[in-house]
Each structure stands twice: as structure tokens, then as C-alpha cells.
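Report on one structure; see the data block that follows.
We call the chains A, B, C, D and E, going by the order they appear; numbering starts again at 1 in every chain.
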């Protein structure tokens, strides 16, 4: 590997399975301990992250689904907004963070904003696509039955687009979960991202590994949950 | 400009359009200036990020496409690996970073590893899915024609799964582009993420905005490129 | 920049001759110190804060070059990363927080790594900054429930803030929240209201004033005048492998500290450090923090020439104070021989030796013989008279 | 053979023409015919001659480029509950059960009905098509024939004056097709339903229709001929081919499709 | 009417049975028949009676649960170039052009051929089905009928001893269907091709087949009857229905499908 003499070997630093299990046991024994603001359990941190995600992501869904409907129903609006969406979409959560910190002058709101902005796009794009792609036949059925507009929206358009919307929501939740860790490293204070950052600063690789595992498992559970909803809402044509 | 210590007044908050354009002009006038490793132009930084993405992402594709083929062709391997993939997939790039730094011990390689690990999953999963979902008819055609295995792979399976694979590659590239900014903000040294961090260090919101805009546009261009390839490879059944 | 180059080469010439003369005077023992270094191309890390001044000047003013060293400075985004890159061998040497060589050598949080403070970079230069909304809560006794940012656990900032809070009767572990935050995020988080204040490095204290979002509660010079902040460090294996390089680095850093410590050089230093390649901050902000002639954020222009100081000596008693505080706050629990550790990690004797090689410099104070100066920290003397240190 | 129904003109289609884009030839032109109350009219013609377009214009889902459709003295300008449509490929809402699909229609017809009343009515129409046992199945759980039956129940449930059907049995296999055709004929006879239906299938047209409209090939399609069905209304699918006149009619229609449909267009265009 | 071809047994299917899962009834059982060299055999039966399963077993793509298929004295154990398949719904590779689809097959048959030779041969087969002008079109740019023609050209291009076709024209409209049936009959006659084909369509079977295998309904389907086609091989689609014996045969087959196919199963099962 050709490390210089200053490459102090710290291969012994990577935790052995036993070290990892010990560290994990200490953390998982009382995951919700709260010994003052500087020393809270990993379960508590995970909860803080989930709450943040719930807020930011919930807000994104609340905005993106109606917004996506409008965009999906109007090719004109779609064409007008498309370039903006395309440019804003690939911007990293971490790049949004400074701007959010600078403009939104409220504690929690920055982190929530970053989750919001990252998970907004997949939901918006998929909703618009799903609504625009609803089979003409089904709309024609509603038309020939002279169904009122709000029943058309809730009984035809929404269920028809639901599988596409929920796919977007699943992708969006995945991105929110990727972003929360980044956001919490910066805005800090609480959350599993902050936990990782803190343990990294303490060079506690065993704890970082544990946190990473928890992030993975939580992300998987969230995804499975959405997979379940997705299967429920998906109809067979 | 006053020189007394109380001549302290930074433009409060968000830059005006004029301030933004001034800042942008200064950066974009000579995007490739190089005044030592800690002061390089924004074009140079963007190039560094793209190079990193190209390496990490390229590696991910090289691993994920053959891997996905094997998984897609063998339901047994798929069932065995699925839990691991599901857990590893939702782990944030930033959470990987400390572990990577600790084990790889080279910041540049860490950045590339983070891109690799983040973009690996969508490509792997989509390839596996695409291969597993190839129409039986087409495989039957190949069978009745007694086509040799490598021609089956390259002339039937690969083109049949190509639209799904390229969709996964497109998603993976999007995630890689999200992750590179995060990774570079953390690890620094070079790249557009480092640029954001450096400007953030100076609380220069105008420059951060400019960088964010560049990130968005570059991400959009990459996505359009893939959209183009996707359209080329998509066949109408 | 043309002017700077000219000036710098002129000074470099003088410095070089001075070094030769010093070597001649001190006899044969250090004649080998002018022989070519074993490793001339060096990668050195720095964090873009005022503490990095000697390192930046050693490059900008050519002190490294005079020692035959070609130093490539690498700007690094945070202390954990500095640590990892130094230990990974990606950096040959780096700016470090003063407690880091101790915590790394003791293996706090990881396996022990022999890291050494080969010079101190600076003294003082930090401050406690509070959000403007707290301008009526200057008494630390009222700070219960507040959130403060610090740059790293193993930092003087953490230890000084804890000592300060404890001095006023607060339990830093339970009465307030301490949050690890990188310096630029401190300012943004202060603006966003995520934190109530921070004990952070300059120029970010002054930056908070400049942004009209915070005021300077107290300079750390007022807590402990002459406290160390950042060290310049490397690993013991590097020292063993490249002894001449090590000494050359020490000499360059001694010169740089001396140069920085001269008040007449501070304006030029501010100008150089403001450049994008270094601190990338408004010059006026850096100038105020370097000269000690500054707006405190509450409408008063303060003058405190002790705000920033530069001294290369890693005194043993500094290390012992740090060790005692790490023990006090629970970071260090197993028994250690503090004195032995201090001598092992803080290479004071070598600095004195190389200072002698360099010869007298105008900004350079004479070292306190033996390396055990007494300090007054919030009115308490350290080491206490009759303590183990003496 | 046309126009003997002029006195009982319920639907009157006159001079209909459809051109999807200016500059390309009209899909069809000069299409005029009438439908009497209670009559079952089938349209036969090759793919692309514009059958679906005509049906959509009657449904009010599309606009004619020129010409008008009068129904009961009023011009058709948009979709209405007066005209029920059975779509090609059923067009059931797949997220609803069979019952919910029909309830959806009943509630549209009778917004004031109570939930129970709507359910009762919907069940009644599903019973009518023999689906009383599959009320709570989703379309995906039904066979192709059952799906099409739900579509028919839905269309009947709004009690339309005119039933429009676009190749309703195209996707079904021969056996199912036969069964469902018989049911349809029965229901239509009982309810005196007026029907306008598109088909590809000569036997289906002979079995169901009172009159058969033959369209020449598109573009520029015309009505080549309107044929009255001489078979008695009491005909059954199983015995129909033993009926006198059956093979004459069948040969006439097959000949038209195989040869004359193209010639007509050529001579007219 | 069966078994008079026993002397020229080219394909011999004996006692075939297929059960997809243990515990559920067999899809079909006791299926035995023969095909002579150059013969065109059609299978008719309702959906689900196992026609596709039989064809897949003949193709070697599926295994029978019991029974054997002997071809030219050898048992069929897997797919082979000896048996060309025209799949239901064409199964062209959509990323290849028409020409490339056929070339893909030609190269498999003749791996040693040069690129030019392969192209020449592929073009020749496409010309044979009248697609010389659409060589470089992708399947999506072809009409349904043209696609099915490419499928036929591909199957012929490997010069199989036996051609297997699974409802090749199910998705086509009546006119296209007629044209392509005629072409197929012509090509088969010229090349003395042996064909085993599945169809739903009675008229198609009468037009194409030398013998027609009638299957009773599944599960537990059987061969109810094998009917020899009495019409002369010179029949054409347009005039066939004027041919003597046509309507007798047709009525026999329709009667079978509408009534007897179910009865046979019941009595046998």
C-alpha cells in the first residue's frame, strides 16, 4: 500500500465482531436513555430523524400531489415548469443546506426544508406523469356518466394514478432518508445523522457501524412499508 | 470602504439579483483559473466532480450489470442476496464516509467509493429485475433456434433488459450526483462540493447559489443525456 | 502580489543568512541541520481559521522554502478529517487542535497513535460569541438550557468553555447542550437560531459581529491569557524516519510564529490570509481579529492586543492542563503519568533547541526555561504551587 | 334496403364527416343513417374505416368535422347519461369491484338515492347479466366474458335511451362470445333497448342485428349498403346456421368484406 | 376418421398427458395422433384445453407429464432447429429489424455462413412472404400482419422439418388474416412443409388444414375426433364457401365447439 512511515498503522482500530457487539449492546441496551441533551440513546436519535422526515416528507407530499395533479392535467403548465423542475431536482440536499440555514431563520425548519425539497421532485414528477397517463377510456366512462368533477378526481384520476404516485412517494422517501443524515450532520443537535457525526468525531467506528446498520434497517423497513402500500394500491388492468 | 472596526456591515442576508450576477460574473469569467490547489475556478471544480463521478459510477456499472445478470438469472441467488441489498441500499452516502475513511485511508478513493456504493444499488436491482422479466417468448425463440449462450446474453437478454437497465443507470447517476456534492463537502480538496463548502466558509451565499445552480444544470444535462440513451434503447413491443 | 513577492524574497534572504549564522554560533551539534532534508515535498493540512496563520505565513513568506521544504498546503473541512488524513498517511504534518496529539496518543476513542505537537501555532485567538438576542444575558449563570457550538471534543474550545461554565456554576454536561459544529456552520446556525452561542476560532467570532448576528461575550485571552489553541503536529514514525525534515519544519514554524507575533506584520498577514486559497474571508474581519482592535457587536470598539498571539513553544504545563481537564470531564479515565506524557507528546525541548539554531528573532519571546510556566486560568493558578509538575 | 324506418326516426345521423387533421383525407364522409326506437343496428367494416369515430361522435366524446346527429329532436353536443357506452376492452375501473363499478354508474344517474338503494339497483343489473355471485370481485379476478358482462350491466344501469357498443366481444373466445351474445339479445328484447353496435364478426352481426350497416374501407369511407336481417327475431345462436336465408346473408356479407368493401371506396373516392 | 396415415408416421404423439401441479387435474390426457410428412394439421378447441401445452411439448419447450413424441424415429427431448415455431403474438425481437430477426435465425442454422450469405438468405425468405420492401423496419413499424409474416419467414428460414404455429393470426383483423392465410397455404404447398397449427377459427381450419384435430374442453381434455378435410387443395379463401361440402364441415365443427366439446369431456371424465 506504500504508506509513509507516518501512516501509523491503525488496522487494529477497525472493530472486531466482539468489539462491535459490545458497542452495540451498550447502545441498544437502553436505546431511549436521556442523560441530558448531550447524551441521548440511539433509539431517541432515530426517533428524532424519523420525526424530521415525517414532517419534511409529509409536507412534500402535501404540496407535490396537488401540484402534480395540476401539472399532469395541464400540458401548458407542464411545459412551463419542466425546465425548473429539471434543474432543481438534481441539487444535493447538502448543497441546499447552506441556503436553507441562511434564509430560513428557524431552528428545525432548515432540516425539514431540506427533506422537503429533496423528496418533493419524485412525488411531483410521478404524480404529474401518472395523472397525464390515465387511460382515456376511464375518463370517457366518467364523462359519459356525467360524473361531477370532484368525484372524477377522487374516484377516477386519483385511484388510476395511485400506483405511479405511490412509486414516486417511495422513491421520495428513499431520498428523504438519504438526505436526513446529511442534513443532521450540518444542522446537528439530534438525529441519527448527528449521532454518526458525533461518533465519527470520537473515532468510534463501532458506533458508526452500528448507526449505519440502523440507518439501513430503518430505511429498509420504510421501503417495505411503502412496497406494501404500493401492492395494495396497484390494480391489475 | 471604511477601515475602522465598526465599519462592519455585510449585506444582510440573501443576495440581490445584482449581487448574484456580479458574483457569478467573477466566477464564470475565468472558470478554469488555477491559483494553487486551494483556489481553483468553478469550471475546474465541476470537472473534478465529474471525473470522480465518472470513476465511481463507472465502477458501479461495471460491477452491477454483470452482478445483476447473475442475480436476475438465478432466483436462488436473488433470494439469498435480497436482504443485504435491501439493508445496504438506504444507507446515506455521508454515513458511508466515516467507514470509508477509516478503511480505505485515502480521501480521493473514499469519494469514489461513496459514489460507487450509492449508485451501485439502482443499477444492480434494475438489471436483476430487467433480466428476470425478459419475455419468455423471446427466450423460447432463442431456445428453439439453439442459439449459443453468449449470443443469448448479448443478443437477447441484454437488449431485452436494456431499457430497465438504463433506467436503473439513470437513477444511479442521479444519486451519484447527489452524493458527490455531499462527499466533497465533507472530504474537500476539490470538486463542486468543495467549492460550495469553501464559499460557505466565507458565508458567500451568492457563490453558493451559483454553485447550486451549476450543480442543478449539470445534473440536468447528465439526466437528459441518459434520457436520450434511454429513448434510443427502448423498443416498442 | 508583485510587491509581496519582492518583500518576501528580501526577507527570506535575511532569514536564510540568519539561520546560517545561528548554526555557526551554536557550534557543531546542529551543523547537520542545514544538510538537505530527507523529504522535501510535504503535504500539510490546515483548517481555514486564524490559528493557521503561522502555517500560512511559512508558505506565503517562504520560511519553508528557506529550509529546503516544498510544502503543499491542503485546506481541510473539519478536525475529524484532519485526524483521519494524518493517521492515514495522506498528510505528512498538519495543524492540529492542541489537545489532539494528547487524545490521539492516549487512544481516546480509538487505538493509540503516537502523534506529536512539534510546535505550538498560536496562543489566544478564540472567543465566546453569543447571539445578539442574548445581549441582556451576559452573566453565564443565566445560560442554563442554552446550546453552544464547539468545533471538536478534543479542542481547547471545548475545555475552555467547560471550565468557564463550571466556573460560573453550570454543569456543562447537563445544564447546556454542547454541539460539535464546523466553524462556518457556527455562524449560520447562530443566525438560524439553532445555537445560542459558540466558543469558536477566529475569524468566525468577528464574522458573527460583522454579520450583525452576534456579539463577543469574552475573548479566551480573558479566560486564560496565553492559552494554546492549535498545534502543529505529525506522527512519531515520521519524526523517526525524517529527523532533518522534522527539525527544518520546526525552524520554519518558529520563524513564522515570530513573524506573526510582531504586531507590525498583522496587517500584511490579514491581507494574505483573506485570499481565497487560505481563509477566504473578508480582510476586515481577519484584521480585526488579528489586531485586537475590533467591534464587539454591542456598539463598542474594543482594544485588546492580546486577542491573538503566536508562540511556538509547546509547554509541558499546557499539556498537563489539557490532560487534567480531559480527566475532569471524563474523557480520560485510566491512570496515566501526566508528566511523562507531556514530555513525550509536547516536544518543547526540541523547539527550544531549534529556536537556538534559528537565533534571536524580533517577535519571538524567550522560552520559559524547563517548560513549566505557571498560568492563571480564570483566576486559578496552574500548576498549583507544589504540584507534581514542579 | 335503407330508409324504410324514416317515420320512426329516433336517431338521425346526417352527412357526417370526420377529418382528424387538415390536409389529410377525411376518415369517412357523407355518412347518413337512422335508427328507430328499439332497433338493434350493427356496423361492419374493415379496420380504420372510422367505425369507432362514428360511435364516439354518437356518444358525444368526439366532434364531427361536419354533419349532425339528432337524437329525439335534439342535436348531440356532448356526453350524456341518455347514451350508455360499452367500451371496446370493457373499460371497467380496476380498483373497484364489479358492484362498485355499477354503483358508480347508478349514483351518477340517481345522485339522490340512498346508499342502500344504489346497492340494490346495482345488484339487480348484475343479476340481470348473471353475475350475482361475483359482486365483490375486482375486474382482474373476473374472466374476460364476466368483465364484459359487468360493462354491459353498467351501461344498462343508467337506463340509457341508446346503447352504444364498440366491438364489445372482440377479446373473447368463441364459446364465451356465443353465450354473452345470447344474453345481450335477451336483455335487449326484454327492455326494448335501442342499440348501435360495432363488430368485425359477420356471424355476430347476423345473430344480433335488425339492420347491418356495411362500411367501405377508409380513408374516405362511406356507407356502402344497409342490409336488413331477414332471419326471425326468435333465432338462436345454435340453430341460426340451419335457418333459411342464413347462408345467403352470410355469403353476401363475407363477399362484401373480402371483395367489394375496397371496390366501393375506389369507385366513390 | 383417424389413423389412416399410420403408414407414413412422421410425427407420432402417443399417450401424452400434462399435469402442471400434483394434486390438480391433468390439463389433458390420453392424447395420441400422428402427422404425415407434408401434412397440414390444425387443432381446434376451447381456451384452456391445453392446445398451447401440446404445441410446446412438440417444440421441446415443455416436458410432458407422461407419454412421448417421436419424430422421425427419435424422441423429442428439447428444442431443436428441426422444429420451427411461429409464436402466438409473433415474438419478434423488437430491437432488431425485420431482416435482423430473420438473420438471427439463419445464422443459428448456418453458423459458418458469411455475413453476406446470411443476409442474402434472410432477404430471400422475407421476399417469399412479400416483405422485400420492409427489410429495415423494426417490428413496431410494421402492421400486425407484416409482423406475423416476419415470424413466418423466420420459422421457414431454418428449414424446419416441422413447423409449429400457435394461433398465429389471432390478433389480426379479418382482411389481413385472409391474405396471410392464402400466402401461408401457398408457401407450404410449394415447400411441402409439414405443419401443426392451433387455431380458434373454424373457417381458418377449414381453409388451411388437411386434417383437423378437435379437442374437448379442459381440464382433463381429450382428442374428441380427428376430421379429414374433404375440400380440394385448390380451394381459395374467396370461393371456399361456395365449395361443395363446405357448410357440412363447417356446421359439424361449429356444432362441436358450441355443444359437443363440453359433452365429450363430461362423458369421458
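The definition used in the following text is that contacts are C-beta pairs under 8 Å (C-beta built on N, C-alpha and C of every residue); 3 or more make two chains touch, one makes a residue touch a chain.
Everything numeric in this text was worked out from a predicted model, so none of it was measured.
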{"item": "Touch-network distance, chain C to chain E, counted in steps", "value": "2"}
{"item": "Smallest number of contact steps required from chain B to reach chain D", "value": "2"}
{"item": "Third chains touching both chain D and chain C", "value": "A"}
{"item": "Distance-maximising chain from chain D - centres being C-alpha averages", "value": "C"}
{"item": "Chain whose mean Cα position lies farthest from chain A", "value": "E"}
{"item": "Which of B-E and B-C has more C-beta contact pairs", "value": "B-C"}
{"item": "Centre-to-centre distance between chain E and chain A (centres being mean Cα positions), rounded to whole Å", "value": "54"}
{"item": "Where chain A and chain B are represented by their mean Cα positions, the distance between them in whole Å", "value": "17"}
{"item": "Centre distance in Å when chain A and chain C are each reduced to the mean of their C-alpha atoms", "value": "40"}
{"item": "Contacts with two or more other chains, residues of chain C listed in rising order", "value": "80, 88-89, 188"}
{"item": "Interface hub residues of chain E, defined as touching at least two other chains", "value": "none"}
{"item": "Residues of chain B engaged with two or more neighbouring chains", "value": "98, 102, 105, 185-186, 200, 203"}
{"item": "Interchain pairs in contact, sorted by label", "value": "A-B, A-C, A-D, B-C, B-E, D-E"}
{"item": "Complex interface listing, chain E residues touching chain B", "value": "59-61, 79-81, 83-85, 87, 89, 91, 93-95, 104-105, 108-109, 138-140, 158"}
{"item": "Complex contacts: residues of chain B adjacent to chain A", "value": "13-14, 86-99, 102-103, 105, 118, 171, 174-175, 177-182, 185-186, 193, 196, 200, 203, 205, 208-209, 211-213, 215-220, 222-224"}
{"item": "Complex interface listing, chain B residues touching chain E", "value": "135, 137-138, 140-141, 143-147, 155-156, 159-160, 162, 233, 235-237"}
{"item": "Partner chain C, residues of chain A touching it in the complex", "value": "3-8, 10, 12-13, 35-39, 98, 101-102, 104-107, 110, 186-189, 197-198, 200-205"}
{"item": "Of all residues in chain E, those that touch chain D in their complex", "value": "46-47, 173-175, 178, 200, 237-238, 241-242, 247, 250-251, 254-255, 257-259, 261"}
